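Each chain gets a letter, A, B, C and D, in the order it is written, and its residues are counted from 1.
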Amino acid sequence: MDRYVLTLHCPDQPGIIRAFAEGVVQAQGNIVDNMQYTDPETGSFSMRTEFDSPLGDLDLVRAVLETALAAYDAVITLRLQTQRRRALIMVSKTDHCLLDLLYRWENGELPVDIPVVVSNHDDLRPIVERHGLTFVHLPVTAATKAAAEARLLALVEEHAIDFVVLARYMQVLSDNLCSQLPGRIINIHHSFLPGFKGAKPYHQAHARGVKLIGATAHYVTADLDEGPIIEQDVVRVTHTYTAQQLVAHGRDVERLVLSRAVRRHAEDRVLMVGVRTIVFD
Amino acid sequence: MDRYVLTLHCPDQPGIIRAFAEGVVQAQGNIVDNMQYTDPETGSFSMRTEFDSPLGDLDLVRAVLETALAAYDAVITLRLQTQRRRALIMVSKTDHCLLDLLYRWENGELPVDIPVVVSNHDDLRPIVERHGLTFVHLPVTAATKAAAEARLLALVEEHAIDFVVLARYMQVLSDNLCSQLPGRIINIHHSFLPGFKGAKPYHQAHARGVKLIGATAHYVTADLDEGPIIEQDVVRVTHTYTAQQLVAHGRDVERLVLSRAVRRHAEDRVLMVGVRTIVFD
Amino acid sequence: MDRYVLTLHCPDQPGIIRAFAEGVVQAQGNIVDNMQYTDPETGSFSMRTEFDSPLGDLDLVRAVLETALAAYDAVITLRLQTQRRRALIMVSKTDHCLLDLLYRWENGELPVDIPVVVSNHDDLRPIVERHGLTFVHLPVTAATKAAAEARLLALVEEHAIDFVVLARYMQVLSDNLCSQLPGRIINIHHSFLPGFKGAKPYHQAHARGVKLIGATAHYVTADLDEGPIIEQDVVRVTHTYTAQQLVAHGRDVERLVLSRAVRRHAEDRVLMVGVRTIVFD
Amino acid sequence: MDRYVLTLHCPDQPGIIRAFAEGVVQAQGNIVDNMQYTDPETGSFSMRTEFDSPLGDLDLVRAVLETALAAYDAVITLRLQTQRRRALIMVSKTDHCLLDLLYRWENGELPVDIPVVVSNHDDLRPIVERHGLTFVHLPVTAATKAAAEARLLALVEEHAIDFVVLARYMQVLSDNLCSQLPGRIINIHHSFLPGFKGAKPYHQAHARGVKLIGATAHYVTADLDEGPIIEQDVVRVTHTYTAQQLVAHGRDVERLVLSRAVRRHAEDRVLMVGVRTIVFD
């Protein structure tokens, strides 16, 4: 028996689950976990399912399900649970998110393969190579940005990358690049109540005496400052904390939030619906 | 179109979802929300579904689904979403949980009917009657306990009560009573890390300098100190808080946790599996 | 022995604490709780102290301390702990914050007197009067706004009000009014990560799929959208929550955050320093 | 000007703060941060102060303060803020707490020196040595336990260790050892609501369906299962988490709670009063 993970996305209409369940039966399968949500505003149907099947052939199982669902205009992803999602991690000079991801990857918490880590600086190469991973230094200037992004897309292609993780990568990606990887780029961003625009946000937060420091992990889109939100959390601070200590607490919440978002994405638990996400946790 | 809420519980085996989905199609229905979980340890299948159907007859819809699921030895609950669960609330002298439940009931947050509030003291009668609800004073002594519990069961019967909420009810229910209402009595209990046995737990917590005050909402069972856990939360405290202030913070977390548990139970989001719960939130 | 609560605010310089402690000794007093913070950016010294003294005369104790601190250009507040701060609560039609404040006031958690509750609508009169408190209906239109604010200030004067609590009061106060009560008006505001401008913020938050709903209690100032922050908190939500359920969870966090802010202010635990607060909790 | 950090602990009586402040003035000092708490149950006075002084000689400043406080039977600790507390870290085979401490130490968040890391196993040597620190392998068997503890005490002596951190050290320390380092050993412990006794607590927590996973950092004492609590926190989990995933979430909360406790201890923010702590944060 193999365990399969499926996501399914389509306009809502009666009969989808029956058709899907019929497909699973035809694949001699048994559904072990199933979560479904119909968004009342967009009328879209989203589903995540884990099922077991003895057929032993991913393409065959997929064909059976696609036949069963032929009438529903469904976007399907299907993989063996043992076939891990492939992540390309991007970093600049800051290491807390990278270290956290690598730690969880190494101890088995984070079910991903990491074929390559890309950075516009060379600083974090030792950390990456110490973990036995490939590091690619890809400097970016205004003049080379287009070429650098083309090289990045080539790496995505070459390594059969499923998704890109911006683990405190400090370059803005072009709209063109974002459009080519929809729902496949995850970013982490500090967040405050209220929000602060401009430079040195932690210093602004300190000056205003905020009591909570937050972080948001979201998909990157071409036209939104912050795309569909995957995960958020906060940590409590007091007036005695210096701006430097706020930054340190920000690191704690950023790395936790990003790692949770990456794990959920890697387990196919996050589906994008317009500017929202459905998180089947 | 009517919206139905169904829960389904049975030993896991292939084909359940197909059979269920087939039943929904036969009821001309459309599934709008579906969450399912198969417990790997007990091999039990649990599901909660909301679906729309135009049949216009609860008994007919139930019959259609029962026929479709005849092979699966399934325990099913089915109701129209507009048909609210009926709760009997029990209190003693403490009012914070009662007030919170009544507030949410009054503003529509808590989808329950409350046919009767029962108390072993008469103190909270004015609050209950101010909300236009029936208050029954049911004193309990060692001598009258059996009779009082018989009266309680009669009230449950008479008012077609779905579940009982112990909103800081300070009498211990007999094992006999608990056995007659399995998974139908919800209690709220303070909780600490570490736990404290014996009297005046908040004073013990204060003496030990705990940094968190917690509460647990759980089902009441005959043989467990704390039955299957529905919801838990904590609130942060410091060394400057007096035992009295710890009690006040305990009230805050108790009422929030109990109200969340009651809402989830009332929406059929909580299924008991052995000594655990599955919470489809 | 009487317990006194003092706050002290002045430019930082050596010797303040010695001078103050000398004053307490002259008042035959004993300091039981003392918290002090020197803000490195503004160079301001802030302190909150509880001390016992047998002198039995507030004015005498104050005179002793003022003499001791004559050299330091200090702003001092001093009260007997048993002399409760007097709060004027303002509401419109929404009752969750009002009910929470009154509940805590009634059970002794909230050490304030509430001489009067003011509203621009008459809806919440029954709640207020049921608690035995005075309700003043003070309608506000564009034409009557100046007169209404003058009446409000007269009520503040007449009832010797220490501070005003905007418990979901939906009128904007004029800059003129704010300037007359600096650090004496507390407001509660929903907060999101990221922030949302414009109408129906909970609906916007729902549309963007936020995972946290927050609230901020702050002092009202003439020139800041949100003045110095006193307290903040968040509650976790999921994609299954309707906008209506987000609003309900917003109520939970709003009432908790406002009540905590009011309690801390009433206990003289919050000092304003520029656009920040020092919270001695 | 040098910044000094002082803690002071003595039976409460009038005049302590004046005497102390007088001492600071004699040391030509200025108090910049001061927190004090008198425990109503034990009548003990606890204080933490940061002050600046130009005297330039720690022993001289100490002598001035001791003279000023001669009448009060006070236990004083005094250090230059730049003189970091010295921590000996003990580990076994689990690395998450160690890695977190070393990461924060390396980036400057954690103001400690770490002269030596001691382990009863050799597994974590590479991590320690990669950070340029000394690793001592100190195996413990029933037969060698006394000798191993003697060696540990010798290391504490030799390296002028201020405090010991048990970062998932899986050996129980003898009562004898604990008695020799009162308030100087910090341990981290998983915590649940309710508590679970015996082996495999995370598996028990999973079987009971807990909704929160917690951790407690505490001082180790000879006669308490869990000594005075320094810090606690929890993380939310659901029924879908496997026991293995509960363990992973336990790691997250353990490392955060331990690191916070170590930082506060290293900054002299934690004072033990009987079986409680005062945490000046």
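Here is the rule we go by: contacts are C-beta pairs under 8 Å (C-beta built on N, C-alpha and C of every residue); 3 or more make two chains touch, one makes a residue touch a chain.
Composition by chain, UniProt nomenclature: A, B, C, D = Formyltetrahydrofolate deformylase.
Since the model is a prediction, treat every value here as computed from it, not as a measurement.
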## Note on the structure
Set A-D beside C-D; more C-beta pairs touch across C-D
### Task
Averaging only over C-alpha atoms, locate the centres of subunit C and subunit D and give their separation in whole Å.
36
### Task
Measure off the straight-line distance from the CA centroid of subunit A to the CA centroid of subunit C, and report it in whole Å.
42
### Query
So which bits of subunit A are touching at least two other chains?
33, 37, 40, 238, 240, 281
### Query
Among line, ring, star, complete and other, which best matches the way these chains touch?
complete
### Message
Touching residues of subunit B toward subunit D in the complex: what are they?
### Response
37, 40-41, 191-195, 207-212, 214, 216, 225-226, 228-234, 238-240, 242, 275-279, 281
### Message
Help me check something: in the complex, which residues belonging to subunit A touch subunit D?
### Response
33, 96, 99, 103-104, 107, 109, 130, 238, 240, 245, 248, 252, 256, 281
### Query
Any idea which subunit D residues touch subunit C in the complex?
12-18, 20-22, 24-25, 28-38, 40, 47, 236
